[in-house]
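Chain lettering (A, B, C and D) follows the sequence in which the chains are written, and residue indices restart at 1 in each chain.
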Amino acid sequence: MAGLFDRLVAAAGPTWHSYTRHDFVLRLAGGTLPDAAFRHYLIQDYLFLLHFARAWGLAIYKSDTLAEMRRAQNLVAATLDVEIGLHVEYCRSWGIDPAVMEATPEAMATIAYTRFVLDRGLAGDRLDLEVALAPCIIGYAEIAAERLASNTTKLDDNPYKSWLDMYAGAEYQALAAEAKTALDEQFARRGGEGRFPALAATFTAATRLEADFWQMGLDARVVS
Amino acid sequence: MAGLFDRLVAAAGPTWHSYTRHDFVLRLAGGTLPDAAFRHYLIQDYLFLLHFARAWGLAIYKSDTLAEMRRAQNLVAATLDVEIGLHVEYCRSWGIDPAVMEATPEAMATIAYTRFVLDRGLAGDRLDLEVALAPCIIGYAEIAAERLASNTTKLDDNPYKSWLDMYAGAEYQALAAEAKTALDEQFARRGGEGRFPALAATFTAATRLEADFWQMGLDARVVS
Amino acid sequence: MAGLFDRLVAAAGPTWHSYTRHDFVLRLAGGTLPDAAFRHYLIQDYLFLLHFARAWGLAIYKSDTLAEMRRAQNLVAATLDVEIGLHVEYCRSWGIDPAVMEATPEAMATIAYTRFVLDRGLAGDRLDLEVALAPCIIGYAEIAAERLASNTTKLDDNPYKSWLDMYAGAEYQALAAEAKTALDEQFARRGGEGRFPALAATFTAATRLEADFWQMGLDARVVS
Amino acid sequence: MAGLFDRLVAAAGPTWHSYTRHDFVLRLAGGTLPDAAFRHYLIQDYLFLLHFARAWGLAIYKSDTLAEMRRAQNLVAATLDVEIGLHVEYCRSWGIDPAVMEATPEAMATIAYTRFVLDRGLAGDRLDLEVALAPCIIGYAEIAAERLASNTTKLDDNPYKSWLDMYAGAEYQALAAEAKTALDEQFARRGGEGRFPALAATFTAATRLEADFWQMGLDARVVS
């Protein structure tokens, strides 16, 4: 039987590809994304990461077992100890001053997705929280792998190639695979078929908000 | 197939009767409970009600549908608009000054049960919250009905008879029946067999804390 | 000394008027707002109300006193027992089918504001929650009163006049005045000057999200 | 002016010493504590630690800044990566099997204190959470230092001496000092004099629950 993630993707229908194959992604892979769009995205993604760490902190609180706590703790650490530092360095390589990143207000799309996730996690249980986070964690792995496997992707002289490499790399792919396993494990322990429609609604809404996040990047191409 | 509540009671094993047939209950029904024990219980039950209202306020927040919100809202109203007023009057009839009730510190047993319920509700979802509240809401209905049906219960000249009548009355029995139905409805929509062991553990722990609540009353028989 | 609300408005600077004198508001008062924009707004405002009720349910949970619980309970009741019914009727008078309202997905602006409020309320305390809600509750009273007092407002043959009347009416103005008093009371009991900058940041962010909510209405003028 | 912690201790009055100089503590220092009491305490303290880690996970969620997140993350790591492992080893040295620890039900005193803390943290803000945790974190440092400085403490052939050494050691004392500093920093940023009475009530209630935790240990001297 299909894993929970694959079933959620199927239930999302065309919304899934509206996110994973969003114009932002295709132009990034083709090397035609405007610099300003990417830079705007990078800054907002930094602001996103702060709430991503909060979400995994919440997951520690919502854990029933030591093993669950430790997985959430690892994701907090991956975010605060590794990701944020890498992100700051990466942004610097794009000429973005860390002070500017911290001073930029959150875009509406950033607020919408991050707070939607946190609310799902607080109103529901840890499975709701992880389902709301899945389009991000697992989606990025799929996006990068799919783009690198596509012959329309520009591999040479593409300024965004390193971004694809990071998420297509073994380390990130393993993290996404673990997230899939965790979804199945939690669905077995806390779920049941009756719960699937509500989880699918959460997943689809979160996926739409991720697509809006790309769009926010694209829309900024002339602004910043 | 048995409803969720009956399955939870079965899973609780002897813990269930250690609560519903606790010595406090049997002596109350037999009319031999010391006054001081009952009065101590009444004061702590008042403090309990404040957190009971908070729990249903939390359930409003955790609702997915308007119907779910309204059921939680009705229970907040039943508590704040009816129960607390009745309780204050009832306590007054036992010579307890409302100012004393508000000034009494919560007993450890009161803190343990109320905060356990709230934590289950926040760490988990609304089904976890309602399962943690079930020993109280549904249990009181069972206790009162079982006692009134027992021939060891003293029906005449029993100062505690009115307490049994209140919870055995049609209005409270209907409220408990609705709570059972709500458990089934939520288990269908948010549960599944895989979730049963965790729900049963919550229910058993909550039942034990309710038994401790009776014991707290009994232990106070010489104190207050 | 100025009340907390007035200080928060002052701290928001031009953001406040970007919301209270948003083009949507001015055109509504002038009677030139496109029908489709208003209808889109009305549907999203219905979806907003569901989360508004959740926010006040959360406030019941976060209450320290019976009086605080009762105020929050009254706002839940005002929303679920009065507002939502009125809203459904009002929408019907604009030709909007209740079934359509419930089936419409939340706009990003609706998600952003509602979940921002709930997250502030959960990450912070009740004062944070009420400050995040203030641009909505108190702002609507100010908007309606200011528009009705303006000589640029079209009072005759303005299809939106009844909307202004509702929020400029004595009942709603009293509710807004109570909300101001509650902010002062809570700032005295839970606040302090050191806390003002964080509260002002929350208020300004919430105000910006309210302005985005109007903009979402305007942007829909050709869509729906 | 006195720091917040010292003011909270002063406001707690005799409740503070009823905890820090509880008979359990004095007998531990005097080497006369029954083995069974200490072992019961150790097992419950292990169960306590799981919720302690959850509380700091919650603090990550409730953080406003990266620095606040990192401090909470460090305390999660100190608990899950260090404390729990040390605790398991220490318990093993007292002949307690880890499997027994995990299978032991939480005592009422454990439930009461841990869930009280979590509820304060969720109903209130991070300052409420840290104030509720302060009797534990900072109190243990004071208890151990005070006992080692007392000439009634048995330093030789005292099986509990290593416990005192651990909490009186430089590492733990530094952690407690940081917790004091964090209280002051948060009181400056999120507090104010108006808030002091509510914080003092939380601190005193938490202190009483800590005293109950020692008592739970003592009461078990013949049971396990």
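Operating definition for what follows: a contact is a pair of C-beta atoms (placed from the backbone, for glycine too) under 8 Å apart; a residue touches a chain by one contact, two chains touch by 3 or more.
Nothing here was measured: the structure is a model prediction, and the numbers come from that model.
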item	value
Where chain A and chain D overlap in contact partners, by chain label	B, C
Chain separated most widely from chain C, comparing mean CA positions	D
Interface sides of chain A and chain B: same vs different residues, half threshold	same
Chain B and chain D, separation of their C-alpha mean positions in angstrom	31
Chain C-chain D separation of Cα centroids, rounded to whole Å	43
Residues of chain D whose C-beta touches two or more other chains	54, 61, 118, 122-123
Pairwise touch network: line, ring, star, complete, or other	complete
Residue ranges of chain D touching chain A (in the complex, touch as defined)	50, 53-61, 63, 66, 69-70, 72-73, 76-77, 80, 84, 118
Chain C partner contacts - residues on chain D that touch it in the complex	61-62, 64, 122-125, 128, 187-195, 198
Contact set on chain C toward chain A in their complex	54, 105-106, 108-109, 111-112, 115-116, 118-119, 122-123, 205, 208-209, 212
